[in-house]
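Working notes, beginning with the structure itself.
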Amino acid sequence: MSDLYTINKSPFEKNSLDSALKFSKAGTAVLLYEDAVYAAVKGTAVEEQIKAAMGDKKVYALGPDLAARGIAEDRVIDGVELVDYTGFVDLVEANDKVQAWV
Amino acid sequence: MSDLYTINKSPFEKNSLDSALKFSKAGTAVLLYEDAVYAAVKGTAVEEQIKAAMGDKKVYALGPDLAARGIAEDRVIDGVELVDYTGFVDLVEANDKVQAWV
Amino acid sequence: MKLAVQVNEGPYQHQASDSAYMFTKAALEKGHEVFRVFFYHDGVNNGTRMTTPPQDDRHVVNRWVELAEKYDLDLVICVAAAQRRGIVDEGEAERNGKDGTNIADKFRISGLGQLIEAAIQCDRTVVFGD
Amino acid sequence: MKLAVQVNEGPYQHQASDSAYMFTKAALEKGHEVFRVFFYHDGVNNGTRMTTPPQDDRHVVNRWVELAEKYDLDLVICVAAAQRRGIVDEGEAERNGKDGTNIADKFRISGLGQLIEAAIQCDRTVVFGD
Amino acid sequence: MSEVKKFMYLNRRAPYGTIYAWESLEVVLIGAAFDQQVSLMFVDDGVYQLVKGSKPADIEMKNFTPTYRTLGDYGVRHMFVDKASLEARGLTQDDLIEVEWEDWETEEEVDNIVEVIDADKVVELLDESDVVFSF
Amino acid sequence: MSEVKKFMYLNRRAPYGTIYAWESLEVVLIGAAFDQQVSLMFVDDGVYQLVKGSKPADIEMKNFTPTYRTLGDYGVRHMFVDKASLEARGLTQDDLIEVEWEDWETEEEVDNIVEVIDADKVVELLDESDVVFSF
């Protein structure tokens, strides 16, 4: 099946990102939202982890949550695709199921 | 001053233990309670971190929280002192202030 | 697409209820069917009519109510979780000897079976939590 | 020793309120003075009289009430946090046009100044949160 | 929808510190009334939910570990545990409860449906599920 | 107690994802009415609270970053930021808001009371405080 993994926790505070990536297969769509959008930023301690994940997975980040936190789009890692809430809905529709890594 | 640091989160889920230990000085009393008692167990991935901390800090764990989670006393790292809620109160009294690393 | 949405946290403390609302609203506006929004754990606290947030802040509860009015949305609060947290409708008040209610209009209290049923019936189940 | 206790989470969802209660009880039994227990954030949800937990489970709210009765404990709910979460006493109901109250006996709603004052007055401030 | 869905309960939290483990279990119990195929997955701190010997009397909470032992009677056929999560916590299968299962119609019996698996298998099982519940 | 206590607000959480940052700030604002010496410490995800340019309109939340800028008027003399926490998040002091401070009696002025410090200094400052608030 095609899966959408949603992650909403900061990668510096909780293990959700680590765990979601560890238990995902190639082709999984990963949506970072709420405090998890910090993982989508260039130059952080988890940048390499996100880049490695993008080797065989598609990574998305919720634009409204990035904007709320003062993160300009040019600070987002290249290749991470920004979506709004409608895009979130589209991702849910495009995949067979959703797994929340709360 | 003498400080009591309280930690209540699992070291495998959140960064509270890492952070509390990083920002503590020699002589700090560290009390593990609630899900943080898992850090007091022998043979885990954080055992060395706790042992290193015990080099210049005193580590306590709340007995009732260990018992609730099925951890027998003989599985607790040597040198970690078990206290009950009265012991928790005594630690608060014995130190100048309490810092919660929630 | 037919959607089930689960909300595990209360209003304001965590963004979960906000995200669930924004997602649900976007899905409805796109023409999808939201079969049910199920409030579990502290999520039941979204269903109290007693909140009075600051005037310059969003009203998390009323927002759900307005969405339910506009789209005839089924907002279900888990009864077991509600009993632990103190969300009460008339039936619950009578059953448990409470002297009043605090449930907001458009929310209803029901069993966990409503969550399972929604997950069985729907194409997707989306969970918002802490 | 004179103690201030702060509780940042609601009943049941997190152990914070349980730990705060057990700690406070132990301190009182040892003869210490607990100047005030201040409920902040979702902690305000500890002060509702509408809960009906399962019979084989502890009653987190009533336990606080009983401790307050026995030791004349000052249980203070932050007004700003209470407004967001929907904890209402008679004064708040009148001020905000609510048709009822849900605050439990022995709890009172007051301002954040009560927390600062407690921290200034007391020998130790102990925080329980998530 | 006549097809029987595969439900997976993904448990990633420790018991007692928060209520998620217990209220998740309540969903599983209620779910027994519905026609679905139910599995439970324990990863990260979720593996602590199955540790035996819990005695929460001194924190005044209810001991709900015995309830896991009855899950075979509630339509749960599989309880999977991530091996690496166990190892990082200094645990082995010997530390975990056992859960019996019996099919009343065929009289097929399984002594213990708690199964320790590796990460690849976790991924495969999550992937095969139709609904994944996270609490 | 006539002695003025040193209050330290220890901020370790990101804004918006949870309410702790905002409700902690409300305590600081109310605290201005009391006679104490107030400092704020930002470590771990707490450093995100001071990042400028927040625009939460599309998540329908109130932008509370401007409130931090006024803290100098609310009796806050120091806002400390842990250097390593900033670095791990790809941030520098340029990404943070500035907070002015002025002593109305002595007319002493400070352009920016936000100060990036190293871990040893964090420990020292926490240690010197009489009360540490954690939200």
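Chains: A, B, C, D, E and F, in written order; residue numbering restarts at 1 for each.
Operating definition for what follows: a residue touches a chain if its C-beta (ideal position, glycine included) is under 8 Å from a C-beta of that chain, and two chains touch if they have at least 3 such contacts.
For clarity, every value in this text was computed on a predicted model and none was experimentally measured.
S.K.: Tell me which chains count as touching both chain C and chain F.
M.R.: The shared contacts of chain C and chain F, listed by label, come to A, D.
S.K.: Identify the chains adjacent to both chain C and chain E in the sense defined at the top.
M.R.: Per touch definition, common to chain C and chain E: A, D.
S.K.: Going only between touching chains, how few steps reach chain F from chain A?
M.R.: Tracing touching chains, the least step count from chain A to chain F comes to 1.
S.K.: Would you mind working out whether chain C and chain D touch using mostly the same residue numbers, over half shared, or mostly different ones?
M.R.: Because over half of the interface numbers appear in both copies, chain D and chain C meet with the same residues.
S.K.: By CA centroid distance, what chain is farthest from chain F?
M.R.: Result for the farthest chain: E.
S.K.: Counting contact pairs per chain pair, which pair wins?
M.R.: Here the largest contact count links C-D.
S.K.: Averaging each chain's C-alpha atoms to get its centre, pick out the one most distant from chain C.
M.R.: The most distant chain relative to chain C turns out to be B.
S.K.: Suppose each chain is reduced to the average of its Cα coordinates; what separation in Å results between chain A and chain D?
M.R.: Inter-chain centre distance comes to 38 Å.
S.K.: Using the average of all C-alpha atoms in each chain as its centre, how far is it in Å between chain B and chain D?
M.R.: 26
S.K.: Approximately how many whole Å separate the CA-defined centres of chain D and chain F?
M.R.: Each chain reduced to its C-alpha mean, chain D and chain F end up 27 Å apart.
S.K.: Using the touch rule from the top of the page, what residues of chain F touch 2 or more other chains?
M.R.: 16-19, 44, 59, 61, 131, 134-135, in rising order.
S.K.: Going through chain B residue by residue, note those that touch at least 2 other chains and give them in order.
M.R.: 8, 12-13, 15, 34-35, 64, 84, 97-98, 100, 102
S.K.: Any chance you could list the residues of chain D touching two or more other chains?
M.R.: 8, 12-13, 15, 22, 41, 54, 57, 80, 84, 125, 127, 129-130
S.K.: Chain pairs in touch?
M.R.: A-B, A-C, A-E, A-F, B-D, B-E, B-F, C-D, C-E, C-F, D-E, D-F
S.K.: Mind pulling up the chain F residues that touch chain B in the complex?
M.R.: Residue positions touching the partner: 10, 12, 43-44, 119, 122-123, 126-132, 134-135.
S.K.: Touching residues of chain E toward chain B in the complex: what are they?
M.R.: That would be residues 13-18, 44-45, 48, 51-59, 61, 65, 88-90, 95 of chain E.
S.K.: Going by the contact rule at the top, pick out the chain D residues touching chain C in the complex.
M.R.: Going by the criterion above, the answer is residues 10-13, 41-42, 45, 48-54, 57, 61, 80, 83-88, 92, 96, 98, 100-102.
S.K.: Quick check: in the complex, which residue numbers of chain B touch chain D?
M.R.: The touching residues are 6, 8, 33-35, 64, 84-86, 88-89, 92-93, 97-98, 100, 102.
S.K.: Could you please specify the touching residues of chain B with respect to chain A in the complex?
M.R.: Within the complex, chain B contacts chain A at residues 12-15.
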